[in-house]
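In the two complexes below, chain A is the common chain; its partner is chain B in one and chain C in the other.
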Partner chain A sequence: MSGNDGRTPSDKKWKYIGTRPIRHDGLDKVTGRAQFGADYALPGMLWGKVLRSPHAHARIRKIDVTAALALDGVKAVITGRDFPNVASEAAEGGEGAGDMADLAMNVIARDKALYHGHAVAAVAATTARIAEEACKRIAVDYEVLKPVLSLDEALAKDAPILHENARATGHEPLPKGPSNVASRREMGRGDVAKGFADADVVVEREFRTPMVHQGYIEPHAVLARTGQDGRAVVWCCTQGAFQVRAYSAKVLGVSTDMIKVIPTEIGGGFGGKTTIYGEPLAILLSRKAGRPVKLVMSREEVFRASGPTSGTHVRVKLGATRDGKLTAGEAVLVYEAGAFKGSPVTAAMMTVFAPYKLANVRIEGWDVVVNKPKVTAYRAPGAPMAALAVETVLDELAEQLGLDPIDLRLENAVHEGVQATYGPKYRAIGFVETLRAAKSHPHYKAPLGPNQGRGVACGFWFNAGMSSSANVSINEDGSAVVVTGNPDIGGSRASMALMAAEELGIPVESVRPVVADTEAIGYTDVTGGSRVTFATGMAVIEAARDVVRQLRARAAQIWSVELDAVGWEDGRAVLLAEEKNGHEPLSLAQLAAKAANTGGPIVGRAALTARGAGPGFATHLCDVEVDRETGAVKVLRYTAVQDAGKAIHPSYVEGQYQGGVAQGIGWALNEEYIFDKSGVMENAGFLDYRMPVASDLPMIDTVIVEVPNPMHPHGVRGVGETPIVPPLAAVTNAVQRAARVKLAELPISPPRLLEAIDRSA
Partner chain B sequence: MARVFFSSGLRRQVGGAESLELEANDVRELLAALDAKFPGFAAQIGEANAIAIDGEIIPHGEALFERLRPESEIHFLPKIGGG
Partner chain C sequence: MKIHVHTRVNGEATEFLCTPERSLLEILRDELQLTGTKEGCATGDCGACSVMLDGRLVCACLVLAPEVEGRAIETIEGVAKGDQIHVLQKKFLEHAALQCGICTPGFIIAAKALLERNPDPSEEETRYWLAGNLCRCTGYDKIIHAVLDAAADLRGGAR
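Take a look at the complex of A and B:
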């Protein structure tokens, strides 16, 4: 385990971190040379295709693949029967907790298809067209069952049951016998009834949000080659090569050393590529066919069978005194898990009131299965929907109390030493600083026109540590190579190089960052949980410090002095004694040139479980204009203020803030899965699933607050997830003020807003 | 002695206590002490939970060998899970 052990990063002067070099992988990406998941090919490669269930809920009586196998060019067909039974156990190492048995059944259905698009068979053939034709010739005998398509339907007394043998777990009272409730949990402290009795104002509201997708541009893609010995090499676009290896090995019933995963470049993930879909299918097809197999999802398949995050129903109640002090809070959070248990409701429970001091609090969370795709992590899983409820209720409290919405939040904001509503005390955090920065920002004072409104909202995310490995090796000319195991989604190569450059004292352009496969670097958890710059960065710093120690030892050897007599300053070994005896400083390049004569190549290593991840807090401001005739909402101005601890590469920190806001605005205004009565998604494409494009958005302004995380050598805290937490509420609060309406459901689409305007008239 | 806090969902297992002080050098000893006092507690905690030790949230399975200080504050939390 590793942390910072009391060093004070805020006191340091930095030479390289905090600068904005061009990313090392940038040129290849903008010139089309970078290879993404679908770009790989091998000699003799076959094309894979997945047959998916046309029903949202159906028992699979029989699958006959005879006609498919008889088709010329078909080399292999697999169904759920080709896979071993997988025991129930925690699926560790991803961004969120899952169950291996569920994961295996989500990869390919066995006895039951649980959502429209659930994989039921897969084919490998010499061309994509033959594979597609073969899928049509697979005869599946279904017993079609009534689907469960909403939380209300799932919780109804006579609801069809998805998993007949499953029983609800958690805290009583729990449903007795079979139900669609996977779990029910409670947490809280204090005396909630007394807290509400002490309040001068109490606001209670309910909100519903739809299932939405992460919307990464690159569809899932995998190429698998299985050798004569059964060992598989897998190229795929993933946020976690080690998780693909571990999960695929479990699903296939083989040991991890039988699978090597080479992560390709990745075109977005946002949590949705922390799990597996086609990887075990491609491996097994390759094993059966004896040839490499490539499997690429279409956009439609991405929507129907990967990703989304939960549809939710949230009720929040808050009480406050006349002067704006919160006295009690209560939240009931009901989250769709999709077809298998494991919604992000527990994270929602812990984040819902996390930014605020509340002595009396009660939180209840329900995880509910429905006949929709199994949800996967999506940027701060569970938190944006919870924040929508709390932050809009706070806004209403501010209005009723006649208080400035930022002042109300400042009055109740958590800071170092305060006990979080989910339990432990906060260490150094920067929430108050984000509120003050937002309040003093010119945006907050700018005048508004007719039908315009300004929304304020805040957000919290824990940020993760987890396990990482790093190698730093010195080239013969004094340049360096940094090897880690985290696929680079948001510019992490540049951040790793900057941290290594800072420690080694050489220009960042002389450091080459590399993303390695599962056999070229030690175990590393996913690129997710806002952990890479924090945790893998910590490993890089330790590995670079290992290199520096070796370089000092080489200099000590050359100068015939003890190691302690040699320091490291600005990329050079220096003799610390006042009497130099003619020993001029030795640069890294000079020491590298002598490496063969002083002990051999210089390689630093580190492997750690990072402790001390600092929570992230943000305050967002949003201005909108509402067209009262059409119900259209235009976002006029947006400012995201967030504590980064220390921004290693400020451009990529700003990019994270802007990306989270763009996704959050889409979630607030346009995005939703629309299902017909039989559970078929009706808008499985970007034309009908309306994500915001550049022309829909204003320039998103950013303010980086830096309250260093004392547990990281460079003061880093994660920044990737917090920015998506406030926008749902910031947009909603702005629209409510602009249109003088109360809203209870996302997205705030034109028809829904018109309805609210009509209701309020 | 380390102080252990129980959120409302767990209090039924510990006779309604909001917190308890216990002698324990690490999390394994702490769970054993709690299980001795409240039989079945350790199993109930299981994999579905995480443990916060002095503000550091650690998944249950990774926390067993974590050292505790006499002034340590421990909270049992739901595991941050799901997607």
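Take a look at the complex of A and C:
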């Protein structure tokens, strides 16, 4: 459904956006030609390997690399001592909170190893086998410390302390002296006590979710070539080449111009590739060895040492009147940060009640360090776990009040003009539209069989703006090139080309979209935050409009008229005056052919910080069947309804919805980090860390609602992250109804569900 | 001590030298520069390195390189014939059955193996056959549609 509701700018009849052309990089990707991170090689290249801590918590007393260096074929060995001390400052341009000092310590340990798998040293050698052997010969003297492996352990009195010198920040009451609390913050409004007093029904529930991994199929890979002058060229699979450049420069203590980052094709990221791991190691190894160095993580390393998202403990309390009006909400969100501060708890606080009109709210958020990998952004960081709690509590309220779960949400849904619980007033948003579309969808009325249940859940994500640059140049024959700095992680080249085609009025097939390196385009923030089609798209549109202005000026010059007398219609300059004086419209190709004689090449540019990313809202429906003998859950049917503002390439919008749902179903039913008592992850492989496979899932139906974002020239709002917010709760609500149980912990694995069924019997 | 291995890759006689513990995946990628075959796990769990070995679908990471002596390998680089792409490749593009694209070569090889043995698979058969190939981006929906559509096309073409 396309719910254009008379608001600008979607009144306009679009010619190219909203169509489904073949993506420009598609052929390379179906034929194996596309080069991803690990596909690059250089003459004389060495292989890097990282030595990782075998302990989850240990002081590093001494590292002896003599035996490793003595091995034939070993060209360089580095440890934390080869890196400068890095001052504490915010890591900009990525996604989620980050501190440069922490990032540097996460790249390679200095005095302390803070999780099992923490990098301790790195080697470059002529073969990967020799590099591995050399790692075994590095002697590290550890003082093994007791690890902190859960939120309860971290917050216990007399807990071992990860960072002795750190102190909790935020709102009092805060722990005095050293603790594992990085921060504790509160936000809220209204009178919560009065709100709950006014309620006819109050439901309060607690939930725990484990650490889970983004699960991109491509392990982190980097190839670095550093010259004797220290200048480095880095090929790596990243969501943000400019962030790799900035962060690596800071970790290495060099200026930004010393590093050039060439982003390769990227094999998934979901937030996990918005930071750095091996990049500074490869640069320094290459500098020491005087040869290029390639460093590729194994899958096991990806699990043990790259970005999971937080394990959480969330408590939510909601009150409502008999007719279903919410009166107050309270949430306490406690999030694991992993080994360094910076869990996405702040985003969780801001999103937890964002979809609902609530006058009285109190929200508390804790950021807690534990001896597990440092968390990294994962698709709508922090929001899915918060939504799990709110949406299941809403379901229980609906049951207690005898209300339809969608009607309860409709009663309280935010809309244009409502002040969000996190502060701003919503502009045009499509939440109510998604609820109505879900309610009228055939899925919602389909009959259910025995042991089957239907879950409803909603989700919200801010979507990001941030900075982007774009160049659009016109070729001699009237075709065009669009250059941006965002790695294409899911079809964004096609979206950029579509928006440029729309503005220029030429076929999308005549527009070549290019992803440039850090020295070929202006600064651009990460491919993340659901920002590329919105923000970089906005830059592309501005750059294309710059081109159109220049083309009109060329026509004005040819016709000897004022610029204002020339319009741009369907790829042609037209004289606006009634009297045409024989001036036939000039096509883009005709103007391009005359470029050399009318002022030279035609290149448009834009560089901007995009404001007004329209928030994304979704409503999901999920049907499951529960096997009461085994506790197994089968997802039978799933429908994701979401507001896209304007779907530029609908197939890839649907793909975002479907992919987010699949990840959310995995999170709900199967995925979890399992640690042994010493803090070693026991399931660091795809066999035991069970992500959904094709036979686990049904077709995932999608409904694209379009309530244009008034802040984007084509009405776009980000779509990538919102789809992972509702599924945890949609699945949980469905299972609770199917099995007639109450659940308090993810994943809903067969043994856990069986236990709940036995308990309820 | 290196072993001299003679094989055929995508129909072409190919030789390489390798130590006995190296995997076929390492040889394809690092020695023969056939990087279209991807490494996602190196433990046979993700299917990104799917190749055909004497007509049988295998994970190249689980095959020792010396084992391919005298045998025939087909990789993603051999699926398109000259300037003609395979129907599966065409359908993956038309159905937007890829987002990041890292799993795509493995899926195309595995799907091709399916259609060669079962030209008319059901959705469920297709899902189970492809259960050894992980995709984290798409939720599999569009991949399954692309494979079923390719199967229909191939059946139509045979008539």
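FYI, the second predicted complex is superposed on the first by the 754 of 761 C-alpha atoms of A that agree within 3 Å, B and C clash if a C-alpha of one lies under 4 Å from a C-alpha of the other, contacts with A are read in each partner's own complex, and residues count from 1 in each chain.
Definition applied: a residue touches a chain if its C-beta (ideal position, glycine included) is under 8 Å from a C-beta of that chain, and two chains touch if they have at least 3 such contacts.
Note that the coordinates shown come from a computational prediction; the quantities given were computed from them, not determined experimentally.
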Original post:
Put the two structures on top of each other at chain A: do chain B and chain C fit, or clash?
Top reply: fit
**OP:** Considering only the touch criterion stated at the top, classify A:V345 as touching first (chain B), second (chain C), both, or neither.
**Re:** first
Subject >> First, second, both or neither for A:T275, with chain B first and chain C second >> reply: first
Original post:
So, does A:H171 touch the first partner chain B, the second partner chain C, both, or neither?
Top reply: first
Original post:
If you stack the two complexes on chain A, which partner ends up touching A:W235: first (chain B), second (chain C), both, or neither?
Top reply: neither
Original post:
When the two structures are overlaid on chain A, which partner does A:Y378 contact: first (chain B), second (chain C), both, or neither?
Top reply: first
Original post:
What is the contact status of A:D367 with respect to chain B (first) and chain C (second): first, second, both, or neither?
Top reply: first
Original post:
Touching A:F83, do we find chain B (first), chain C (second), both, or neither?
Top reply: neither
Original post:
Roughly how many degrees, to the nearest 10, is the angle at chain A when you join its Cα centre to the Cα centres of chain B and chain C?
Top reply: 170
Original post:
Minimum Cα separation, chain B versus chain C, post-superposition (Å)?
Top reply: 19
Subject >> Interface residues of chain A shared between complexes with chain B and chain C >> reply: none
**OP:** In the complex, go through chain B and note every residue touching chain A.
**Re:** 5, 7-9, 12, 18, 47-48, 52, 54-59, 61-62, 73, 75-83
Subject >> Touching residues on chain A, where the partner in the complex is chain C >> reply: 20, 22-23, 25-27, 29-36, 38-39, 41, 129, 214-219, 265-270, 296, 298-299, 489-491, 649, 651-652, 654-656, 658-663, 685-687, 691-697, 699-700
Original post:
Which residues of chain A touch chain B in their complex?
Top reply: 90, 92, 95-98, 169-172, 183, 185-189, 271, 274-275, 309, 335, 337, 342-347, 349-350, 362, 365, 367, 374-378, 381-382, 422-427, 462, 609, 611-612
Subject >> Residue numbers on chain C that touch chain A, as the complex places them >> reply: 19, 29-30, 33-43, 45-46, 48, 75-77, 79-80, 85, 89, 92-96, 98-105, 108, 123-124, 126-128, 130-144
